[in-house]
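Please find the structures below.
One chain, chain A, links the two complexes that follow: it is found with chain B in the first and with chain C in the second.
This part shows the complex of A and B:
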């Protein structure tokens, strides 16, 4: 007991020092993350009247009405639908292609490291760069392939704009997907695959009965992380389609940006806050799902 | 026919020769042990039989069929891995049943076979558990059950007991041999543990650096090691080996001492040889050698000093340094009079217990009796 008392002043000093060192980071996070996050929950309850010349009028309290207005609006529904479509295409396709490449690169062949490097190369490419590359390849006037659909480029077609955005996204995320799947494959003991072969399983049967079931934790992880990133897709939309044509590629994240900053209409910032909370809820659900189910899909002892 | 034949089999990984020109035949129904230190190529040899490694040169036959180009699934073998390699996502039942499922055995027959195998290995009550809910010994049994369920031509076992604790290993050893006797199926068993090899094998093959050193019944290998490596590898503690000189057809000189020989060494290239005597064949005949003046004239036996006495309870290992500087281990029953460190002793051995090896090649020198 006495010893502990003697140590107290020292511990106090140490704690104080720790907080002092955390302070700069806390300030940055506070200003750019914590405050805006909290503020975002206040915004939907207010409505900002249009500016009168240079004079901005005070915000008006409107309560839950703005929530229901926004959530029932066609704009929100369309946005959610587009985002959902986008996610349901990019995530499974990204995982499937990543797995395919990972299985191919998992073979013990000469020179396979070259392919591993190539397959994972898009990790070093940002989605913005990928979008610009896609643009310069497919643009109907200045593009390398001069891809033309109807009267315009692929990003101007209501039918093909969303698939085009998906292609860019899948291509850019393929590197990460490949690396995650490769890591998953490498975590499966060789013994198990060999045992299955001796037990009479052919290549496909080994994959179906052993590899794939043991990969479920990895697949689940990739599914959740991929969904979260797809729900937040922004740069490719902003650079290639600006949400068009006719809002066919207006994703949730892009809609938040468009509604709050660009539209210039009335009470937009407040409306956008509802969108933002919608996105937050989706990501929250996915994250909780990930944390809850992670242990259940894991076979390790 | 569960015969396995290696004919001039070589396996190279790049420049590394893992198995070097191996020629040996495992007979049908035999418990055959591949024994050697780690890295000697025994596991690679087994994996080539399984089809998990390709054969670089030579031919492997299972039954009467060359299997070099046959994929593992078509080889009619079962393998027990050191790690057991149980499928963690399947229950015990599904694990045992897996080799039957892949061969599309009908459901009813499958159930009968699984239950039979489970009964033999005492797993009846564990069929619905996952491997993660089993103890090490139980997992090992599941691995065995999965191997025997299909009644293959050959069982391949890669150190299946090495992950068990010492007590369980001893009892499982006995059960495994009994199981093999019952099933009368050929077993090729890889181990680095000479106790397993001696107690379980009908015949053992000793490998070192990829090459086969000796094949034979355990007792024959123990009694007549074919070369210096086998002599020093088999036996705990191993055989004492030391430089010696042939002074006459029936006498070996080591420093000031001698050992008797029976028979005549056929055509020795040189008189410098390597002699070997097992620790239990060395007998301490005089506790106070050197202290009696007249004794120095007697050259029968080896003269040395006790440097260390280790008691194992049932026996003692006594280290004796000879006048030539070589240390020998003498194995004595616990009932023998304990020697004191620093004491001068004289060691004797019977003529037929002295082994001779060529100094350069290490090969056993045959003696005409």
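This part shows the complex of A and C:
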């Protein structure tokens, strides 16, 4: 238990105890994270012939062909495009609205905690709850708004289905965005803002020249976390549009689901693995980007 | 000057009230609609308050809509996952913070690496694994894959590292072994971090959608998120019941978050501040 200098030999008992303590987590990670992850890199090299009743035939080695087939397919291109659009709408809008609420609530007023609670309230909803609320409110026959486009509801319109999914997502993540932006604002020292005001800067000028620059790390964080969760968007698509109409809302996560285990349909895990690796690469790039930017932001200080 | 200030105060409150109304509007209308009759719903203009509250919509959602069952399942699964994650994370974080052993740095990176592999990348192979274990359509399928967490281990290690070295030396002098030191000193000191981690574990488990959808098909094992799907796709004449079900699915978490808002913010910020 005493502090030791490095380079001392490891103690057998201590090492044993450490591995024992790590074992439960390692077993779970090994079986349910690393094994399926690694398998994704093997699956695309094989092709599974369609099943006939209960008889399943062995997988056939197809080499790199399946990789290139999937990567060049319209399906893959479309799903990437849809997910990108979805991300580029929901993330900036979510951050902007969260910041708006945070700025509005960042003042010393009586009863401000009530407003803070209300602004963060959507964290208590899940994306499924938000989707069902939206679905019911815009129902073309009995909904509150009865949005009707063509013959059906908003989620059946090729033009409006994706914006609808975006609205649900932004509203549901508003509480989270508000909390993150508020914490960012609170981390800015009051005397800095005070000094700027004493120098005669107006409210807008203080925000633009002092608050906003100091908020950059928070904005980066929100951007990366938001993008990662956008790329994983699934429940709202499954509940509201099932990827339709005409694949206009077929996000990456939904594509993986459809391709791998669509109930009653053809399931092709070998193909789905390529999509899954695509999703992983996006998450990897975003994470590395965040680590890089974080370092730069810290050096700049 | 004084009147000026008063007007600015009024303007500020007006803005706050307006924003609050916009944020809450969907939830408010959901509550209103959960108390209407099916016939009233389609009528124009839409109801802004229930004139004749239909409380039986809630009992219909609870029993006919199986919300009671779904909520119970969600609680069973989420509490099991939370307890499991807290235990495995305390153990792992203790090893990383207080023990010296070969490959410690590498293994810590392995733990962190799990954060970069989302469930959307691994679920279909995991369904095969669950099937071959004979766990398909069981609580084990919903719980076991989530009993460890890289985020929790990371968060607790950060907190354990702040335990003053003097305390460790004092505990050693008192003849405390590692297990007693962990239970009597480290865990009590790290209670705030453990609280934040538990809340996150619970929320994460409660809000899961994809995994419960693919790992079960038995209605009796459905969690509330998936249960909402069956409720929402039921008949139009049951729409008030769907609204009531949505409120029932939302309220437990709203209460939980009101009670633990401090832990929520702390946990979020632990993610934002690099370690």
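The definition used in the following text is that the second predicted complex is superposed on the first by the 279 of 301 C-alpha atoms of A that agree within 3 Å, B and C clash if a C-alpha of one lies under 4 Å from a C-alpha of the other, contacts with A are read in each partner's own complex, and residues count from 1 in each chain.
Note that in this section contacts are C-beta pairs under 8 Å (C-beta built on N, C-alpha and C of every residue); 3 or more make two chains touch, one makes a residue touch a chain.
Computed from a predicted model, the values in this text were never measured in an experiment.
Chemist: Judging by the criteria at the top, classify the pair chain B and chain C on chain A as clash or fit.
Modeler: Verdict on chain A: chain B and chain C fit.
Chemist: Is A:48 contacted by the first partner chain B, the second partner chain C, both or neither?
Modeler: A:48: touches no partner chain.
Chemist: Going by the contact rule set out at the top, does A:180 touch chain B (first), chain C (second), both, or neither?
Modeler: In the superposition, A:180 touches chain C alone.
Chemist: Touching A:132 in the superposition: chain B (first), chain C (second), both, neither?
Modeler: Once the two structures are laid over each other on A, A:132 reaches chain C alone.
Chemist: More residues of chain A are touched by which chain, chain B or chain C?
Modeler: After superposing on chain A, more of chain A is contacted by C.
Chemist: What is the contact status of A:242 with respect to chain B (first) and chain C (second): first, second, both, or neither?
Modeler: neither
Chemist: Does the superposition put A:119 against chain B (first), chain C (second), both, or neither?
Modeler: It touches chain C, and chain B stays clear.
Chemist: Determine, under the contact definition given at the top, whether A:200 touches first (chain B), second (chain C), both, or neither.
Modeler: After superposing on A, A:200 lies in contact with chain B but is clear of chain C.
Chemist: Return first, second, both or neither, reflecting whether A:192 touches chain B, chain C, both chains, or no partner chain.
Modeler: After superposing on A, A:192 lies in contact with chain B but is clear of chain C.
Chemist: Please work out whether A:78 is in contact with chain B alone, chain C alone, both, or neither, and reply first, second, both or neither.
Modeler: Neither partner.
Chemist: Touch check for A:284: first (chain B), second (chain C), both, or neither?
Modeler: The answer is second: A:284 touches chain C but not chain B.
Chemist: Note down the smallest distance between any C-alpha of chain B and any C-alpha of chain C in the overlay, whole angstrom.
Modeler: 5
Chemist: Kindly list the residues of chain A that each of chain B and chain C touches, one partner per complex.
Modeler: After superposing on chain A, no chain A residue contacts both chain B and chain C.
Chemist: Which bits of chain C are touching chain A when the two form their complex?
Modeler: It comes out as residues 9, 12-13, 15-16, 19-20, 23-24, 26-27, 29-30, 33, 38, 41-42, 46, 87-89, 91-92, 94-95, 98-102, 104, 107, 110-111, 114, 116-129, 144-150, 153, 165, 168-169, 171-172, 176, 178, 181, 206-207, 209-210, 213-214, 225-226, 228-229, 231-232, 236, 239, 242-243, 245-246, 249-250, 253-254, 256-258, 261, 264-265, 268-269, 271-272, 274.
Chemist: Where on chain A is chain B touching in the complex?
Modeler: Residue list for chain A touching chain B: 189, 191-192, 194-202, 205, 209-210, 213-214, 299-301.
Chemist: Quick check on the complex: what are the chain A residues that touch chain C?
Modeler: 1-4, 8, 10-11, 14-15, 17-19, 21-22, 24-29, 31-37, 39-40, 43, 100-101, 104-105, 107, 109, 112, 115, 117-130, 132-137, 139, 141-142, 144-146, 171, 174, 176, 179-180, 183, 218, 221, 225, 228, 232, 234-235, 238-239, 252-253, 256-257, 260-261, 269, 272, 276-277, 279-280, 283-284, 287, 294
Chemist: Show me the residue ranges of chain B that touch chain A in the complex, using the header's touch definition.
Modeler: Touching chain A from chain B are residues 50-52, 71-73, 75, 77-79, 81, 83, 85, 87-89, 98-99, 102-103, 130, 132, 146, 150, 156.
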